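Should a chain be cited, it is by its letter among A, B, C and D, assigned in written order, with residues numbered from 1 in that chain.
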Amino acid sequence: MLSDVRERMVARAAREITSGMVVNLGIGLPTKVVNHLPADFPVCLHTENGLTGIGPTLSPEKADRNLIDAGGAYVSTVPGSAFFDSATSFAIVRSGRLDLTMLGAFEVSAAGDLANWKIPGKFSPGVGGGIELAQKARRVVVLTTHTDRAGNPKLRQTSSLPLTARACVSRIFTDMAVIDVSADGFVLVETADGISTADVVAATDAPLIVPDTCLPIF
Amino acid sequence: MLSDVRERMVARAAREITSGMVVNLGIGLPTKVVNHLPADFPVCLHTENGLTGIGPTLSPEKADRNLIDAGGAYVSTVPGSAFFDSATSFAIVRSGRLDLTMLGAFEVSAAGDLANWKIPGKFSPGVGGGIELAQKARRVVVLTTHTDRAGNPKLRQTSSLPLTARACVSRIFTDMAVIDVSADGFVLVETADGISTADVVAATDAPLIVPDTCLPIF
Amino acid sequence: MKLPDKRCAIPDAVAKIKDGDTVMVGGFGVPGTPMTLIHALVAHGARNLTLIKNDANEPGMGIDHLLQSGQATRLITTHLGLNGTAIALMNTGKLAVEFNAQGILAERIRAGGAGIGAILSDIGIGTELANGKQVVEMEGEDYVVEPALRADVALIHADRADSFGNLAYVATARNFNPLMAMAAKCVIAEAETVLPLGELRADDVHTPGVFVDHVTALGELSKEYVVVRR
Amino acid sequence: MKLPDKRCAIPDAVAKIKDGDTVMVGGFGVPGTPMTLIHALVAHGARNLTLIKNDANEPGMGIDHLLQSGQATRLITTHLGLNGTAIALMNTGKLAVEFNAQGILAERIRAGGAGIGAILSDIGIGTELANGKQVVEMEGEDYVVEPALRADVALIHADRADSFGNLAYVATARNFNPLMAMAAKCVIAEAETVLPLGELRADDVHTPGVFVDHVTALGELSKEYVVVRR
């Protein structure tokens, strides 16, 4: 189970999905977004390993051994699902048919650079499908904790990690705030219940533009 | 109906097809080759517009409006036929899965250059699939009349027409002879019944190597 | 979650086509040619069109109507052998024609649909087909650069569809349709039958509906779809 | 005319694999991984293999057996996240690993199967993924050259096959299988069911048998094929 604030962050991110969109939800927190969409909501979920029209996740007892998502979870279909090979799957991604992708992050820079695939010397399992999602989806948003386990900010002026793609992130949902990436850097859009603007500024390693209005709370 | 000698030429060409081959038969005379294969002969016929396993040609009454070959003839399937798109069809061609293609020709040079798609100022309907067949099938043979309607030799030292592909033709079946393309030029292999070596030499615009043995007659 | 409904009336679908657009049209001969959408484009009247199609159909059929009406001024194709009218328009300078090797046309369209810039190919190297093309050396070999093709609109003919736009083709009517259905900003599919969601098996879909913008059900088929007696 | 019969016993099919060969292996996670052919390759013993596979499976499953046996010395892949053993072999220099973006790996294999030399792609431009790659300018834009991949052998898992080697896949077990089944000199397919000719509908074939050299029917499936409980 997710903590209350993470659940609210995921629910807030779900509102980013509008009617009729084609959406790819990355491994980890983004996958949880699907639990916050109404049953009859018109949307098409895509997974890189070859499916449009992802249905609910299934328990091992009910799982089909041949039906997983890109993260290895056993999923199901919906009426109108289609299966296809890996080349067609990334044709969807690279030709701009994804309206939105939600990804995890190690770091996001104030220019919208995304680093989420490699920490040199520590973690280098390969880039998988992330680079094409980050570079080619029409809109890329990030779901992440605001800081890493050691408390270091993940939102930084520049990222020192190998990049997944440059200048790709439009918006970041964290357990503290919703932040947009603008031409002038990070802009605070919303804060989590109980979190002050000062808290967000302190946990962010880059200047944060704070609008002179009352911000929504999620 | 074909004339007797053309029928024998087509029958002779059919013997070029050995058990288990994947074969593409070009528009025109090559298409007729299929009539000379036994019913249970193990072979896979390919057509560029998206079918492996071509079955017999059908009359308009029995035709399926959605099932044609690349020449527009209404054909049928055999048990085990498969349909595919045009990209897959030429993937078969370019990746070397065709053991043999039989093509028509305007001219063939002594180096095996093939010209069969354009006569500048007279005939230029486009190259279609011919260039890829000529360049990529493992073995390319030509079926053609030995001379054109005006009596000009089609087998020439060099071709003056725009080429379909260079040095691609291995063997030529005509209404006068079977001729191989060797490193040293044209080599007479067989003659048609009633045709002398001198007839073939006279109708060929390039030196013809004539083996010092008794040649088979078809 | 429910997959969106993309069913649409034909005039509404083709209304988006603008003067100067590039339009891909499926089909190889009669099979797979979207005869009904082509007539709708004639009725719509958009001019100065670039068409991308394997062939020019036969006189009085398919895209020949767009050549006769003067709406098409440019054609990217492989072979015009069955349409003497198209060849005459080309020879008199009324139609600009770019010929491609057939499989290269297929790959260029597929590259457009796959979001890649170009393919490197050795087809035509050493012949006039390679004239004027960019050549790249890779590992000591020469290749021609064959740039991806994309279109503003693709007109597709399918056998079956569902309301999300998943498509299935039949026999040799498949040909260029699945490739073009990936390679245009706006993909319009006519289908002989439009089924309720879930009635096209997910394993048997040839074109995932995610590529398709509008799907429309054909009523009774016009005479242009039937067996040609030559 | 009759389509040739390509049915073959598994040991005979894998007997052709030689030391030093490049072997493509289908599958994304468990679905589509040819578990039985992989065990046959372990039994066969060919060494110094280069494997091309989306992922390295999980410890004790799929190509992990070829890593554990030391038969594979090189791996072209996209992601090893579920196999710590593979990462350890890579980090200690016992396994040379080349990472590709997943869709680029798919396209490079497809290019090999389609007989084209390379694709030009903008994926990874401006990141370390593009380091060391040939760059080509086309119409003012930079693209990296991603060369086609071909293999000596491809090991494929299909749901259904016929005796000519036509293949059909099920659900997300399709993944890289149809691409690899086009891109090797020798293509060996294991199928859960091998049907008589004509029982796979021509419109529903995913891989035309013309690409396949040997097809073999699986008996009862081993435990590696079942649902993984993590």
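We take it that contacts are C-beta pairs under 8 Å (C-beta built on N, C-alpha and C of every residue); 3 or more make two chains touch, one makes a residue touch a chain.
Worth saying up front: this structure is predicted, and the values here are computed from it rather than measured.
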item: Chain pair with more C-beta contacts, A-C versus A-D; value: A-D
item: Rounded Å distance between subunit C and subunit D, as computed from the means of their C-alpha atoms; value: 32
item: Separation of subunit A from subunit D, taking each centre as the mean of its C-alpha atoms, in whole Å; value: 29
item: Whole-Å separation of chain centres (CA-atom averages), subunit A against subunit B; value: 57
item: Rounded Å distance, subunit A centre to subunit C centre (Cα mean); value: 35
item: Of all residues in subunit D, the ones touching two or more other chains; value: 107, 114, 116, 122, 169-171, 174, 202-203
item: Sites on subunit B at which at least two other chains make contact; value: 51, 83-84, 87, 90-91, 93-94, 136
item: Chains touching one another, given as label pairs in label order; value: A-C, A-D, B-C, B-D, C-D
item: Residues on subunit C engaged by subunit B in the complex (per definition of touch); value: 28-32, 54, 77-82, 87, 97, 99-107, 109-110, 122-124, 126-129, 159, 169-179, 206, 225-230
item: Subunit A to subunit D touching residues, read off their complex; value: 47-51, 60, 63-70, 72, 74, 83-87, 89-91, 93-94, 124-129, 131-132, 135-136, 162-166
item: Subunit D residues touching subunit C - in the complex, by the definition given at the top; value: 107, 111, 114, 116-122, 134, 136, 138-139, 141, 143, 145, 147, 168-171, 174, 202-204
item: Residues of subunit B defined as touching subunit D within the complex; value: 19-20, 22, 34, 37, 39-46, 51-55, 77-84, 87-88, 90-97, 136
item: Residues of subunit C that touch subunit A when the two form their complex; value: 1-5, 112-116, 162-164, 166, 182-183, 196-198, 200, 202-203, 205, 208-211
